[in-house]
């Protein structure tokens, strides 16, 4: 049920929204390759095109032309296990008493079943088993006797968990970010309208300007003439729970999330990594492409100070940064897996070591994370086969010890190599000469955030949400139910 | 919104239902080529596979294997204008408080909007704009506080129009036919279970035995062990409204509908046609394949009596029956249309006249119906170009003067050649030397039915239902709302 | 290596040939469903589009638009075992010293290997193992030092077997039929040009007029301005060897082949069948669609005379003709085969008996031929299961006792039920109450042909060609090698 | 007619060659994405699978399973303008008097027409207009009266131009490299056999070991038992003409070509670029991925010396290397092009600048080459829009002033921005603040090669071959025709 997706919403002054949505989804393709969809509204009716596949395969010119209307939302969906069904593809849309409603959802509710049960008790019937349908039905029901803003507020008071939503009610496009701001969502200004998107890279792609992040608990309503947007801070909690893993792994390096450039964060995490656990070696190399920014920061720091923190003198060149593993960019979905005895080839088809960079050298290999440990084991082996004297592995994030319930489909606890192994044991398993991870404190430091304002559940096992069978790291914040005042700003 | 479809439902003693459903849908393919779908239930959960396309294209072996469970329903959908959207493909399924519900629907409600509005007022949100979702939601809601049979009864009291449904509630498979029996539905016995199907040909295909038609207003519940079925006569009206056009055009000739073999009915309509408006000619030929059974009956009658009803003497051979138009069976969907000046070729690619059968002859051409008149015009021209001296056209049904609201997507009134033209004017338009249609009385006669027990809306303009802007031919029967007793038989 | 295909060639006055070729191939689709192709020439260069699949799938509008030029040839290919390779798809085209050469071939050479070996000895290299490439290379070589007509003549003197060819040399379109005229080929006149086609139905489709059959041994060269054609009788043999099976089974009923309308031939074979082996029964029914014309002729004859040849009196209605087996027209290629225990269903999915026509009746079932006997066995069983009292089978052609070497891929001798069984034994095997085939004499009679002028190898085991390991039924005609005079007529 | 492709050939001891060939082609996918093919030989017959598309799309498990035999060759083909035709897909194979012959060709002959004309004069007919068919026919003809080695030698004496070939004669696999060694080809040792491949990365992928490059003019024959190979130096010329552009642009960075690691060469070219035309700036960034290795070498050199060649002191950090342009890896083939007014987006969809790296900075942008100049113009604009103070462009190769006739499909002379513009004019056109290319001398220097041993036609306009209308840079070497001795070594 976990979903790691990309969402977008656009409201323009007259021009059709379909093409900007299409290019926006293209820019967010890394957030989901399983399905893609766009729905638009032309003032009279909704148009929809949703299908399994990559953005470039799902839409052709005719599809875009038929998606009439200056308002629209879009979605790309991550391939999560067991959900190959097209009924889960989004945007999800329903018609109800007061018109049509479309939703694109990134995140994961922790009380979806509860809400579905309540709605079912009132006679609702569901066509999927997803969170999104629960939100849609709840919102539709609230809209029966409340205006748009109040209805969204009521829904936000009921649903608990992680959600960044773009919503289209008839031709009104909105964005909502959960009160803890777990998943990213930002606002951009286009030449002739406004855009909401999971990441600012989508705004860049459209030559737009990043206005700001949507705030945790905020509802942003795009004006229908594309001239501006209205903001409603519907829920306010003491602490946020931004997912640190967006910065480490998931987001594009060129996106700015919660005011930080992802690339810069990764470089700084790499610098910290050197400071915390630098090891002298002949060469520092990234696992491409995931480790590149980390390795670049690590190598920069290494050229300035020794592992002991001493400034290097002019005759000490420090560590050389080099690309020692070359990626075959053509290895894709339709690849025929090697037979058992050819299995080692799989990694070598994707990543090939450069002998001259590796042979006879001590190597530090930098990556962003280790999940199951399989690839790390293969890479260490590969480098040693290629003549590396030593292979030291440095990871730009803490060990992943627990699953993510907030929308990133990492793995089950059983599969996580760090769930029941110490760092030393992992080093032994992957046969690295040394292994170090970055500390959680350093992560918080780099993200200039209090530890309590991040969601680090996967590396601490303590979650900022009530999850059955798991610890929580805080007096769990849940929005109080009750009308309250609805402040409007901007 | 009109839907002319095929439905099927199967409950077996242990064996998976998917393959019988698949072959059943194959047998009903003529009732719908736009989409196909099967859902099954294995006692624990529902499995579903629904997609656009022909049965043979929609399913592969893996799909069938994954459709686990001894209970299931299936659907093929007719391509109606404007509904190329996959969201309309069926079976439609929802989960609700008391489990899962799947529906396959053939027919068309006349008060769907009314029901949707009521449900929307109660907070329901819809993912499609179809009748079927309205029925599903209403039924789900009724099941909140009523047992299965009562819930179906309540729903039948609310919905008005034409419907033959196969329903699956968890792993219980049911069939329902509207109180006027507009669309066909029948029960068959298989070796290890029971089947419900739009036409008996689906039962034949599975080497099953036709038990009987589902009665108008009856609910048939297949027993989960495949050992039998229970019948509940939930609604009883004075008159039925069987669609006569199923017999004339839509159903397979080898199906038995409401106790009549369709092929035999068509032959008899052909005989009547000779009796009513026979014309001596050198040769009688069908438009293949639609006119074949009619032509065969017409020619048989013609070999026995003269147009005046006199018995022929032994030296009068009467009219010769011959296949004078040959069909190219490969002309399909992916055909590149001829350019404007090649347009005549279109008909000739499909139907080619046999010169020796036509040249210098007077020809009677038999078909089941004339809708727009375009093809008839082309065929008369074709036969004349081929040397026919005279071309007389005889049609085995009355002129279509009004649209069908009950689920057959004929055409709008504007497009119907008979909507505002007399028979003579039509003859002139299509350039036939003479033209005659069969009378409504003869149709009723052949179907051994009172005129009031048939739906002949499309040929009379008077409908057995309340349709806004149209006449009705009866004090409209609607099931009285109120609990009443639920009789159980069989 | 055997190929049962359709060929076409067109030369127009200016207009592009691609679309007429496309519609022509559509009309010949029954002659080959494996691949389709068109090549055209615009005076400067050749254009080509050839692919696996049906005509409607192989070409789209763009493909046709790109096939520039007023001259062109086309081909549809029959799926013969083991040749799923696209390298065998035709037209086959080569460029050589004097320009380009394209060939579409229907038939089968008996000395292809001999010719290929000779050419290989001269250094030729081949890209396929087909007859057609051998012909193309031989012709290209002959064109090095001879004009077109002489070169074709030389090639005709070398190749032995069955061939109807359409050839395009640069933008000159030609047709050639082997000296024994085994496969059909005819000439048609279009509004603005001429066409060569395997069957006249292709000409009809284009609103053209059949001029005449290409004569055995004749070369027909279409004039490049579409104004006429030139004929060269290059080889003349005493006897022809027209394939009688084209008339019985392969050709479209609406085609005229060697001056006979196929439909009429089949009706007359049906009449003869009654005369030879008529049996009184309640009903006569065809196996659709292959037996329809035969059954119609059989029933007509049966209504006139008794099996003893007596004229019926007026109170004896004779035998009733009825369609007792209904065909499901949607059963296609992508059909999932039933499992072993569902196997009987396979025939019932395709053909469903009409109970009322069969039950309690004595039935005569008419078909054109029996190859393996599997389907016949299933049909007899089906009718008996349906309540037929007796099932008599009558076949409109003699028993197939030997393979075809001339281009019809029937089966190997092992698979032919009649290869080692008497008619009585076959009747027993298929469990028919009686079985009779038509005699070879009657076939010759109906085709108004001397027995020696037909190829009846598959029903006699004696062939009009030299085939290793088989008998021949004549002093084998082979064209004498030597220049001779080249007469020109027309 | 130019072809920039990848070739591979494998001979194993018993095991099927298909899978190693498949993975080898996967590793060479960057050399050709238009078509892919494999042919194998099992000792008795050839098996073939060739189709349009990427390796992963062309083959499925069944295809590989059916490609039986321990010997085989493969090919990937580059999409060159006007050759979308599947008839050009390779390996090309023919059967001829002495068996079968398959060829995979990388390169381009300059006298193909001459050879085709000669062969045509001897009666040969061709199915394509490619070089490869000319080579195949010539070789087949030579094999009529010469053994394999002599036949290859004769063919090598006739064909002139660039060619790296893998050849399969029956089940013997060979590799040939043209006497000037224009395109790469190397030999690798696998666990149970030998491999020939365009690049060593294909060998790495199979966990094999690079043995050495095939020498210019050498024929390498793999032993059929996979135990070794035999070498025949068939032609020896004074000078080679290795394509320098393979190193600069085309080959994978992790391949070793003519003893040099491509990645290292690019780093060194980058270093030279700094030395020749370094410019101080705040940041050095590559155009990803093509400029990355160059930029890394450039930045390394820049951190050591100033533009004047002075060693930097310890307080001068020199230039910072950073990734300032982020690539969207999902932009692929099926992308819908933006409309005219959205055109700028096209580059931004592919490459997005990182504001913090660029804004207010002086930037040096490094790439491997400039062809048309369109992308460079867009990138400079993009960086300036993003706030770059200055954009200096440095290119790791000399200006491309002339087309490639040897197999790399760059562009026509008209399209090359450097064909008629000085470096200053180009700088002005692309609006860069400064622009510098690397000198040809430095290229030769880095490649440790005499200028005369490289083919630098595209940057000098002087070619090492006789090309009509172009200058040559040497007394053109052509192998002398005449038997000579055939030395065997290894």
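Details
Going in written order, the chains are labelled A, B, C and D, and every chain counts its residues from 1.
Just so it is clear, contacts are C-beta pairs under 8 Å (C-beta built on N, C-alpha and C of every residue); 3 or more make two chains touch, one makes a residue touch a chain.
Predicted model, so just to flag it, every value in this text is computed and none were measured.
The chains in contact with subunit B as well as with subunit C do not exist; no chain meets both. The interface formed by B-C recurs in A-D: of the pairs listed in A-B, A-D or C-D, only this one shares over half of its residue-numbered contact pairs with it. Chain centres here are Cα means. That of subunit A falls 38 Å from that of subunit D. The mean-CA centres of subunit A and subunit B are about 51 angstrom from one another, to the nearest whole unit. Each chain gets a centre from the mean of its Cα atoms; for subunit B and subunit D, those two points are 63 Å apart. Residues of subunit C in contact with two or more other chains: none. Against subunit D, the residues of subunit A that register as touching in their complex are 19, 22-23, 26-27, 29-30, 33, 54-57, 59-61, 64, 201, 204-207, 252-254, 256, 261, 263-264, 289, 292-293, 296, 313-314, 321-323, 326, 328-336, 338-339, 342, 344-345, 348-349, 352-357.
The touching residues of subunit D, counted against subunit C in their complex, run 48, 85-87, 92-97, 101, 117, 120-127, 129, 136-137, 140-141, 144.
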